[in-house]
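Dropping the structure in here first, questions after.
In order of appearance the chains are A, B, C, D, E and F, and numbering begins at 1 in each one.
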Amino acid sequence: MLNKNVLNFIGCDCGYDEAETVLFGAPFDSTTSFRPGARFGCQAVRMESFGLETYSPYQDRDLSEAGVFDSGDLELPMGDTGLSLELIEERCGRILEDGKRPFMIGGEHLVTLGSIRAVRRKYSDLRIIHLDAHADLRDDYLGVKYSHACVMRRCWELLGDGHIFQFGIRSGDREEFEWARGGHVEMHPFRLEGIGDAVRRLSDCPIYLTLDLDVLDPSVFPGTGTPEAGGAGFMELLEALLEICENSTIVGCDVVELSPHYDASGVSTAAAGKLIRELLLGMQH
Amino acid sequence: MLNKNVLNFIGCDCGYDEAETVLFGAPFDSTTSFRPGARFGCQAVRMESFGLETYSPYQDRDLSEAGVFDSGDLELPMGDTGLSLELIEERCGRILEDGKRPFMIGGEHLVTLGSIRAVRRKYSDLRIIHLDAHADLRDDYLGVKYSHACVMRRCWELLGDGHIFQFGIRSGDREEFEWARGGHVEMHPFRLEGIGDAVRRLSDCPIYLTLDLDVLDPSVFPGTGTPEAGGAGFMELLEALLEICENSTIVGCDVVELSPHYDASGVSTAAAGKLIRELLLGMQH
Amino acid sequence: MLNKNVLNFIGCDCGYDEAETVLFGAPFDSTTSFRPGARFGCQAVRMESFGLETYSPYQDRDLSEAGVFDSGDLELPMGDTGLSLELIEERCGRILEDGKRPFMIGGEHLVTLGSIRAVRRKYSDLRIIHLDAHADLRDDYLGVKYSHACVMRRCWELLGDGHIFQFGIRSGDREEFEWARGGHVEMHPFRLEGIGDAVRRLSDCPIYLTLDLDVLDPSVFPGTGTPEAGGAGFMELLEALLEICENSTIVGCDVVELSPHYDASGVSTAAAGKLIRELLLGMQH
Amino acid sequence: MLNKNVLNFIGCDCGYDEAETVLFGAPFDSTTSFRPGARFGCQAVRMESFGLETYSPYQDRDLSEAGVFDSGDLELPMGDTGLSLELIEERCGRILEDGKRPFMIGGEHLVTLGSIRAVRRKYSDLRIIHLDAHADLRDDYLGVKYSHACVMRRCWELLGDGHIFQFGIRSGDREEFEWARGGHVEMHPFRLEGIGDAVRRLSDCPIYLTLDLDVLDPSVFPGTGTPEAGGAGFMELLEALLEICENSTIVGCDVVELSPHYDASGVSTAAAGKLIRELLLGMQH
Amino acid sequence: MLNKNVLNFIGCDCGYDEAETVLFGAPFDSTTSFRPGARFGCQAVRMESFGLETYSPYQDRDLSEAGVFDSGDLELPMGDTGLSLELIEERCGRILEDGKRPFMIGGEHLVTLGSIRAVRRKYSDLRIIHLDAHADLRDDYLGVKYSHACVMRRCWELLGDGHIFQFGIRSGDREEFEWARGGHVEMHPFRLEGIGDAVRRLSDCPIYLTLDLDVLDPSVFPGTGTPEAGGAGFMELLEALLEICENSTIVGCDVVELSPHYDASGVSTAAAGKLIRELLLGMQH
Amino acid sequence: MLNKNVLNFIGCDCGYDEAETVLFGAPFDSTTSFRPGARFGCQAVRMESFGLETYSPYQDRDLSEAGVFDSGDLELPMGDTGLSLELIEERCGRILEDGKRPFMIGGEHLVTLGSIRAVRRKYSDLRIIHLDAHADLRDDYLGVKYSHACVMRRCWELLGDGHIFQFGIRSGDREEFEWARGGHVEMHPFRLEGIGDAVRRLSDCPIYLTLDLDVLDPSVFPGTGTPEAGGAGFMELLEALLEICENSTIVGCDVVELSPHYDASGVSTAAAGKLIRELLLGMQH
């Protein structure tokens, strides 16, 4: 008898029961205001992962030994933000209940809110490390509260002051920067400097890492909806991520805003896949 | 003193008061389930209209004499379908109140619903002529009622049985085809045949024409979210449109589902612009 | 417990035991002489099948009731033609032994040879219906015998004179056309005319259908390695395929030469998917 | 000793002395008003000719026996229209002096003027057969007399009334159409019908054939600067060209307006190459 | 009454009378020798500016308060270099007469000559700061004097020795480099080092800044006609520009050579828009 | 009499007898496992070389004085690896016999093996300097020994331990890294550091330089089959290459893995061309 066509992110072939980390995709981009297409990110990164090796020479570890299960992509209804966030929360909650770490691949950044809702029910002392080009701190965007441009503001409403740590931010309106400086969040603009210090200060807290890939410079990562020049280099980001992994306990994670239609050459999808591999390997214990 | 940069669809330079027809764009694609990007359609077709002539050798008429005012694009909030439909209804209503004919360029097909809400308030006896590859008759799509895939069903809820005439339909699920055969709408599958007959039967009724450009064969019109092989040729569609214009009173109109990111060569945008020119010229009286 | 990520061609969710037809992909293009990339065809058509409906209004049938199992793609070693053909022959043979019909998606056209080797072991009286822009009748190409450009000549070596029926051929060197006229194969150049007659003459024989998608005109199907202007329209091909299905017993089938990297708009992949759906539905009994 | 890298259009390997026809490229597009890039046409069609066969099954002839020499591309100074036209006239004149037929590949349509200047010096009774989507009959374009949009008007100034026969025209301003109807040129709008009649009427005159490839429908030929929907199919054009070849004496020829940057799939370049092959074969005597 | 569709660069909504700086586009690329398309740069950067914020976190300033009026694009006749330069000179002169600073967006680099002609009439002591990958110092290019490749030589003819300061130059022929070393211009090859020193030396002179965007490395800015590897990083350029703004009086400015057709991902257009925003903010006083 | 169309890499117009270096292309990619298309690299880099200057401001030398002959591309049979390697070996051997230096442009990396076979026959003490993102040290890949992924292992079989020096390696499976550490080759992972030391140690040995362009970061060089983030910058690589040229005797060289179909903007092809120019200039003596 022949087998069905199972498609996993490369090397993520662990059984569910044995898995420490569970991948899933959240192909949603219904609130994207500029250039849509992040919905294709999770599918593309899985397909293109076969251009990667499972082995990391940076960490001398191999994905095939990393205890990762790939549960595929959610089916999310475009045009219904509320229901989509519920479906994400449910999947994420299920993984946490089973004692595993959720690893979500977006989709646009709003999907983080669904995940945070589930993770904070389990970890009340949660801190968010947020790497991004954009502050995402608006109270609303053209009247819409549940928008990618507001996602960190919505997360702040759940977690309160001092629980969100932002790095790499280089775009927003004046109000967002002023609101951040008001002490609600700890914002490190422009670069990733200071991330090591912050992580070491937070070493006792459960950490949720949300990586908006547009924190990378568009030269490295053109394939995203709103490219913002002046960002981080690939090795700068990789080193920051490995520092986070080493010095903290990541209880949940997401990687968002790969938009493969703006990635004619495929370099963005390949870079995203490599970062996901390194995160999956680095979060292991 | 220098002037501000006014950008109109080519030849649509009439003053508002003198205008018979008023163009506007509805850059919304938040419910698109497969490949988004129709939001860029109205902007692209306006920009690329400068590759066209204002003169039509088919009708021996010129756009510069056709009484068309271009009121630009609405600013629609992605992720908030309800508010977006209200803004469309409002713009369309305003144009109708001023005694002019609204001509909307999408965006995805759901925008038609906003326009129909306004037009039927003025014309209670309204009929819809619907050219499309897809039936768009689902009651819901993944639980979402206000979806592009349901737009004709929502219009039917407003207008009732026998008021919608569909042509070119070649995709849908079994239920949609059966529901159509139940007499709710008059569906002519596959081709545009019969459109002349239908139009002549309806010659006493006010007509709203909704043209989903994917009714064209993808060879002619690749730049759309869900290309469906086996459609109409360009001249076949142009002749059908001119026949509608000649034999009926069009009180409102839209052209939707141009998605320029899937139109690497620009031929779809150019074809859309040419069809819009011919419709604007043909609807004059 | 969450499930693994199973990815099938849309609607092909039948269990293996119940299946009448078994799909598999042969992602091989190592002998392509002009523009490679057909290796990505089978994967792309599966992914993009989700833009299709499972229901065919042409046949009033639905893929979810068609008894099709999708066994995924073979892993074929680029650079080793012999081994790749063996792996194809093995998969195809296995499906035939289990009493099912193999349906292969290429890949370049040479993959047909692997399949024919298996099918003719079971059906000694096999006939091949071959739709293609290119004759593929060379004895060798730059000294290479196992090349896409020679595949029908290699099949002829297995089946002998009078067993291959070619339609739509519009490219080849003078020798190929003369060799064909020598009575070895029955070649119908340029168009698909005569296919109904041929099929009815063959109604008692087991048929293998090999569809090189470049038989379509490049306007309809640009996404292929060697586009050749002057080909069949989509409806012309669809009608020919349905005529074959209705009047013959297809015991094996392949669809080859989709090369998605030359399909910027996606229309070729969508057309291929629709033809595969129609063939899967039409071959049922 | 190794040889230099000689690059010819496929099969055009005849020596200069033996040649009946001499190919050259005119990579100029400096006056293109909408989308430039036709300068790349001649180079692209030569490179991609290797995806063609030298043999034509339509004419049962082979390019390797057709007596064609490829003299490569001129080096034309962008920004200097006058000098560019002189260089074209000089190359063309040289070929005619040597008793051969010039065959120019553009470039934009203005290059035809350089060629006509040379050809009419030799053939005072010259007639032009002009296949195009655009009339190109403006007296000036934004004040520029030597523009692609005026090229046929400039040719008319050289040849006088009744010497230019246009087919397929479907775009222009009102003045161009009226001027044509004034009897200066014989314009057959929209399609290629009537071309056989005209050619037979002209069978005693030397003919210059200028083929603007945008006469083809953009579905068949997207790769051009100003695609204009509603054009000729490939077979319709091929049959018209073969009819011209058979019934007239072509003393010079050009094929213009391939713009490969708008031809992501390569189908336009392939179609242009095939038409050039058929013309080169058809013009032989 | 509805309004006409006014399209400005984001945040440039100041009235003309109040404006300190006036934007205009010069969509000309008729002399481009390699890959054309810079004509589309000004339009593209305006459209894509809506992916930017009006607020700069680098300068803590907002475009909506920067006193910028956008006067749209000139209509320039391709193929007529002389007339095009006159139209640019006229627009630029008009802005200067009204006591405002002209800010031109190209187009190819030759457009700078039109602007310099106007600016030097008002500022006889003008100095040019020129950032570019290419020296643009040829006396002619294929016999053409008014070519993008000669633009700085033509400017030198107007301003004389010692008035032009070049940075980032990494391409040219041997003669250009030797001519520069002859003391006619001050050329700083390869990088932007020394720009601070130069600007401080020039702090008493009126400065015209001409920024050829290909001074950026192609990784950051692929979307240009002649990409030249080994250029400046985005932050390196931004810092240099802010240093110029702070330490000098810019009386005119242009940003040229964005060619959006070579910018599939959009990152170049986005980077250009961000640099324009920063320049508009930095030049304010 | 007109000349044939000779096409050389820019400035490589030396006669064969006078030439010190002989260029040739090896358009082969039949074993590429992930994304094919490197076969188009040699042709593309030659065509696009006309966007470069022949003069290098880095070395103050000019290609037109560098003694380079361009012998064009081999015609290699896709699907027949053995024969293809033989044809490469033969061309390379011929050039060496004539006392000249072979400079091969790929194609995929396996082509290096053909070249090494010829070069080591002449230089028994040969050392290889290998710049690459990938180790290419597998013993086989899916059972295939003659694969791009095994090319350095095959070269090691010819040269033995300690003769291969790798730089920039950042991808491979665990076995490759361990095998390298076993002393068979000298691998410098991740960056190009140490290349100066190595070259000086090897200054007495004949050197073969093989440059897999994917050693560059994908931001600089997206146009390759398997982009691997975290690579070298352009200036870092250029400086390393000039250091090799200055301090060693290069007796043969290749540049491989440009895949222009993944290079929508053309920056990779332009960068490859510039590196080839610098190598051709730097290797002169």
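Here, a residue touches a chain if its C-beta (ideal position, glycine included) is under 8 Å from a C-beta of that chain, and two chains touch if they have at least 3 such contacts.
Because the structure is a prediction, the values reported are computed rather than measured.
Under the contact definition stated at the top, the chains bordering both chain A and chain B are C, E. In this structure chain A contacts its sequence twin chain F using mostly different residue numbers, the overlap staying below half. Separating the CA-averaged centres of chain A and chain E is a span of 38 Å. If you average the Cα atoms of chain B and of chain F, the two centres end up 55 Å apart. Annotation for chain A: residues touching 2 or more other chains are 217, 219, 264.
All chain pairs in contact, by the document's touch criterion: A-B, A-C, A-E, A-F, B-C, B-D, B-E, C-D, C-F, D-E, D-F, E-F.
On the chain A side of its complex with chain E, the touching residues are 34-35, 169-174, 177, 189-190, 217-219, 222-223, 226-230, 262-264.
Taken together, the chain C residues at the contact with chain F in this complex read 29-33, 36-37, 39, 75-81, 83, 110, 141-144, 146-147, 261. Residue ranges on chain B touching chain D, taken from their complex, read 50-55, 57, 60, 62, 217, 219-220, 234-235, 238, 264-267, 270-271, 274-275.
Residue ranges on chain B touching chain E, taken from their complex, read 1-8, 16-17, 22, 24, 43, 46-47, 69-73, 94-95, 98.
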